[in-house]
Amino acid sequence: MTAANLALRRQNKAKRLQKVGRLARGKFVSPDNVPQVLKRIIEPGDILCLEGDNQKQADFLASQLASLERKDLRDIHLVMSCITLPAHIQLFKKGMIRQVDFCYAGPQGTAVADLVKAKKFPVGAIHTYNELYARYYIDLTPRVALIAAAQADRKGNLFLAANTEETPAIVEPTAFSDGIVFAQVNEIVDTLPRIDIPADQVDLVVQAPYPMHLQALFTRDPAAITDVQVLMAMVALRGIYEKYGVQSLNHGVGFNTAAIELLLPTYGERLGLKGKICKYWMVNPLPTMIPAIESGWVESVFAVGGEVGMERYTAAHSDVFFTGRDGSFHSNRAMGQLAGHYGIDMFIGASLQVDINGNSSTVSKNRITGFGGAPNMGCQPAGRRHPTEAWLKVGAEANPGPGSPPGRKLVVQMVETFQAGRVPTFVEELDAQDPSIRKALHGVTPVMIYGDDVTHIVTEEGIANLAACRSIAERQAAIRSVAGYTPVGLKRRKRDTEELRRRGIVQFPEDVGVSPREASRSLLAAQDIKGLVRWSNGLYDPPPQFVDW
Amino acid sequence: MTRGPLFHEQTARQRIAALVDPGSFDELLPPPERITSPYLAQLGIPVSFDDGVVIGHAKIGGRKVYLAAQVGQFVGGAVGEIHGAKLTGLFKAAARDRTPCIVIVESGGVRLHEGSAGEIAIAETMRAIFECRAKKVPTIAVICSDIGAYGGMGILSTCCDFRVMTEHGRLGISGPIVIEKWMGKKAYDSSNRALVWKTSGGKTKYLLGDADSLVLDDAGAIREAISKLLGKSSAVSLKAVKARQAELAKRLKRFGQTEDADAVWKGMGVRDIEAASLASGPEFAAMAKREK
Amino acid sequence: MKKLSSRALLSQLFGTSAKGIAVEKSLVTGYASVGATRVCVIGTCNGTYVDNAAALHLAAQVIDCIEHHPKMPIVMLVDSAGQEPNRVAEMLGLASYFGHLLNCLELARRNGHKLITVATGQAVGGAFICYGMFGDRIYALDSARVGLMPVEAMSAVTKIPVPVLRKLSKTMPSLEFGAHPFALLGGVEAVWTLDDGVAAKLEKAIATASTEDNRAELGKKRGGRKLALDIRKKVLTESAR
Amino acid sequence: MEKFTKAFPSKPLKARTAKPWALAGVVGSGNLEVLLERAGASGTMECHVETSIPGYKSSWLAALADFATHYPAGGTKVTIHDQGAPPVLVNLRLRQAYDHLTGGDK
C-alpha cells in the first residue's frame, strides 16, 4: 500500500497558475488578459467565490467572468454573499452555474425571483453572512476567490480602505487551502497606507480600468423622516432604550432608527439619558449618527463596512471608530457580525412583513432578497454567558424556565403598520410561505427574524412586549393590538388588548410617557443632509445625489 | 440644538400662523364655505376646501396685512380658477384698503387640469398686484420651499415689489425636468440637485438681486425680513425701469454665454464656492456683502 | 387657412406704414400707423421662443416709446410658443426679465399709453403672460392658437386620457384650446377674422380701450368662467367687513 | 373616488370651543385634510369621507369609530378629503383638528 497523496490540491493549483504563464507578469495581469486568465484558473466543478459584499463589488472581475460563455466556464458552484450586479445574473442566464449559495440579493431581488420561476437558479441555501463564511471553512471552501481591494503594492500586498467588509473572511479559507486568490484593485502603488491582506495570500492582481463599485447603502436623508417615524422613535427610546438601559446595540438602516439616532442629542438629552444608553455600537458609520457622536453620546463604533463620504469624518474621530495605523477607517464584516451576535444588548430593525407570530420577512414571490446579516444579530445567541443589565432585565420578564438562560437579548422589530401604498405590514401569513419559494429553498421558509427570537414590536400604535407573553395566543393578541387598522389589527378583541395593556405587555405611547402631539420633525438634531454636514464641521462629504447646495 | 420647525416643511396654514401675531389671522372664504374646484371633481381628483390657497388678513407687529399662502402639496400649488380668483381678490382688497399684501408662493404655475382659466387668473392677479403698486401698497412674495415659484407664479413673483427667499426657495419659469427634456441631460441634468439650486435657488437669485433678502429657513427670520419691507415700496418709474434695463443687459452680457454653473457666483465675487454652498442663507448674504 | 408671412400680416394691420416696423430674429418692434393713429408696435412672430434678450429688446422699445412718444398707444402682437426652456436663461433670471417687461408696460399704462394686444399666431404659456395678457384689451385672430396648451399636451402631463378631456371640454371651455374658447373665458375681448377689416377693428379697439380689467366679467357673461368674478367679489366683500 | 358617510355615537363635545371649525392636514399624496365643525346632534360625530383610494372602507370606519370612542366629539361634523393617507395619519389629523377646535390654534 502506497501512501495516499494528500497534497493534490497544491499540485493542481500550481498547474493552473502555470497555465496562466505569460498572461501575467509575476502576479500582475493586464485587464485585457483577464478573460483568458479566468478560463485557465477556473475548472468545471469548482467552488468559486466572487466577492460581492453588501457595499463593495469585485465588479470588473464579475463583468469579465460574465463575458465568458458556457463552453469556457460551466458546472460552477458559486458562493457569494451578495448578488448585486446585472453581471451576476448573467452567469445564471448563461447556464454556467451548477449551484449557488448566497446571503442576499437586494437590488437583484426581482431578477432572482424571475430566475427561480424559470428554474435557472439552482440554490443550495440562502444564508446569513457569518453562516456562509463559516461554511467557507467547512464544506464550501473556495477553489478560486475573485476579490476587490482599494490598492495593491508591487508585491501584491493589499489595502482594503474603509470597506474591508468580508475580504479577509474570503481570503483566509481560500489561501490556506491552496485556492487561488485573484484581486482587482483600483490602483497599484509603491507603498500602501497599511497592509490588510499580506501578499503571500494573493496570487493574481489586476488594476481594474475603473474603480470598484461602492454603494452608499447607509445614507438616510433626515429630510425624509416623517413625524410618524419620530413618534415611533420617541416611543422606542422611552419604552425600550430607557426602560432596559440599553448600552450596546446595532441599528438597521431604515428611517425609523435614523430618527432615533437624531433624537439622542435632543429628546434623549432632555430625558437625561446621555451616558446611560447607546454607548457601544456595532453599526456602519451612519451619517445620521454624527450629531450623537458630536454630542458625546458614543464611546465606540465597530463596523461591518464603511460608508461613502464618511472617510474624513471617521479618520478624524479615531477615539470612536476603529482605525488602522494609517489613521483611516477599518471594518470587518465577519468580526462585526460576531460582535453583533454576542456582544450587544439590542438589535433593532425594520421589515416589510410581520406575521401574527412575529416572524418577519422581506421575501415575496416576485422579489427574493434573502437575509444579509440581520438574523445574526436579530436572534438569541444561545452561546451567550455574560450578563448585562438589559439582558437580565428582559430575561426576567421572559420568566425563564429551569432549562433556559437567565437573560435575553433585545430583538426589536420597528415597523409602521402600513408600508407605502397602503400595503399592510402585518399579515396572517408571510408571502415567503409561498409553496414555490419553499420548494426552491428545499422546504425552508425564508424568515428573516423568527418570532420566538423577537422580544418587542414597536409600531406607531405602541409596543408589544412579546418576551413577556406567556402563550402563543397571548403573543398573537399582543401583535394584533399594535397592528393598527391592518386586517390583522382589525381582528383584535378590545378585551384582550385592555388586559394586555393592564399587564404592561401592550403599551400605547401615553403609557410610556410620550404625547403624540409632541412628535415632530423639529425634534430631530438635523433635518437634512446639510445639517449633518454642519454637525460634522465639514468633515462629512455626502454623495452627490444627496447634495442640493 | 433643538430649533423651531423649518419653514419650508410647514403647511400653508402653519406658515401663516407662525408668521403673524398670535391669533390675529382671519381667513377669507374659510374651509366651511366649501368652495372647491368643480374641474378636479369632474376629473375624479380629490378637492381641497381652500383650493390650494389660504387667504385672509392678520397683523404682523400690530400692523394689518393681507396674506396668501399656497399649498404646494395640493396639485403642486397650481393655480386654478378659484385659487386664482382668491389671489386676485386679495390683492384688489389690499389695493382698496391700502394694506400691504404678502403671498407665500409655493406653486408650479398654472393648474393644467383647469386649462386656460388658471392662466387668465394669473394675468388678472398681476394686474391686481400693479393696482397695489400704483398706490405704493407694498407687495411681497415669500419663496421658501423647493416647490418654489415656477411658471406663471414665477413671473407673478417678479411683479411684486419685493421677494424674500431662503436657500431652499427656487424661482424660475421652466422647471429642470422640462428643460432637461428640451435640451437633453447633458445640458441640464435635473437629478443634479446642486446644479438645480445653483440655477434657480435662493442664493443665486439673491446674488443677482432678484431676491431682496435671503434669510434663515425659519418663521421668525422671515417675519423679520417682511417687517423691514412693510413700509417700503419699489417705484414703477422711468428712472427705475431704465436702470433695471441697463442692469439686466449687463447681466446678460456678463453671464449669457457661460455654461458654468458657478459662473454667476464667481462673477459676483464669491471666492470660496464650497464654503458659500454650505453657508446658511444669512451667512451667505453676509459673505456676498463682504465680497462686494 | 393659408399662413401669412409676418410681413404680410403687418401690412394687413398697419398698411404701408408697416415698413417702419423692424422684424429681427422673430421680434417685432417699431412705429406705425393704424388709420390716423400713430402707434408703437412690439411683438413676436414665427412662433418664436422668448428669452432674456428678447424680453430686453421689447422692453427697450416700450421705454423708447414712453420717453419719446407720450401717450402713444402700444400694439402688442403675439406669436410665440412660450418662454425659452434653457438652463442659462433660468440661471440669469428669465422670470425677472419678464417681470421687467411687465414693469415697463405698467409704466406705459400709467403714463397714458393704451395697450392693445393682438394674438396673431401662437399665444401660449409664459410668452403670453409676459406681455400680451398684460394689455388693456386683448384680441385674437380666429386662426391664433391661444390658450394654456392643446388637449393632447394636457393629457400627456396630467395622465388623463384625451377622450376624457375632450368630453369635459364640451362643458368646460377652459380645457379647450383656441381663440374662441379663450374668448368664452373672457381672456380675449373679441376674435377677429384677418380678411374682415382688421385694421379698422384695431383702430376702433384703440379708440375704445380702457384700463380696467374686464376679463372676469366677460368670462361670467359668456359662461366660460363662471366662478372667478363671484369669488373675487366675495373676497372683496368679506374683507371689507 | 370613493365616498361614504356615517355617524358614530360619541360623548358630547364640551359646551365652549375655541372656534366653530378647525382644519388639519393638506390634500396631497399620502395625506389628507380633516375639517371638524360644530354641527349636528350632540350625541353623534357625523363623518363624510372622500378618498382617492377605494376599497378601505372598513379600516376607515374602524379608525373613525375609535376616535369617536376615545374623544368626546358628539355634535361635530367631520369632513375628510383623502389622497391615500395611512390610518395613522387619519388619526393624527383628527386629533390635531380636535385640539385646534377645542384649544385654539397653537
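When the chains are written out, they are named A, B, C and D in that same order, and each has its own residue count from 1.
By our rule, a contact is a pair of C-beta atoms (placed from the backbone, for glycine too) under 8 Å apart; a residue touches a chain by one contact, two chains touch by 3 or more.
Just so you know, these numbers come straight off a predicted model, no measurement behind them.
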Graph separation of chain B and chain D (steps between touching chains): 1
For chain A and chain C, chains touching each: B
Centre-most chain, if every chain is reduced to its averaged C-alpha atoms: B
Centre distance in Å when chain A and chain B are each reduced to the mean of their C-alpha atoms: 44
Chain centre separation (chain A, chain D; CA means) in Å: 42
Where chain B and chain C are represented by their mean Cα positions, the distance between them in whole Å: 24
Distance between the centres, which are taken as Cα means, of chain D and chain C, whole angstrom: 46
Chain C residues counted as touching two or more neighbouring chains: none
Pairs of chains satisfying the touch condition: A-B, A-D, B-C, B-D
Chain C to chain B touching residues, read off their complex: 52-53, 56, 59-60, 63, 66-67, 83, 85-88, 90-100, 102-104, 106-107, 110, 125-126, 128-130, 133-134, 146-149, 154, 157-158, 160, 164, 168-169, 172, 174-177, 181-182, 185-187, 213, 215-216, 219, 225, 227-229, 231-236, 238-240
Complex interface listing, chain A residues touching chain D: 227-228, 416-418, 420-422, 460-461, 484-486, 490, 516-517
Of all residues in chain B, those that touch chain D in their complex: 11-13, 17, 23, 25, 30-32, 44-49, 71, 73-74
Chain A to chain B touching residues, read off their complex: 265-266, 291, 520-523, 525, 527, 530, 533-534, 538, 544-545, 547-549
Partner chain C, residues of chain B touching it in the complex: 28-29, 35, 38-39, 42-43, 55, 57, 66, 81-82, 84-86, 88-90, 92-93, 96-97, 110, 112-124, 126-128, 130, 133-134, 149, 151-152, 154-155, 157-159, 171-174, 176, 178-179, 182-183, 187-188, 198-200, 204-205, 208, 210, 236-238, 240-242, 244-245, 248-249, 251-252, 255-256, 258-259, 261, 264
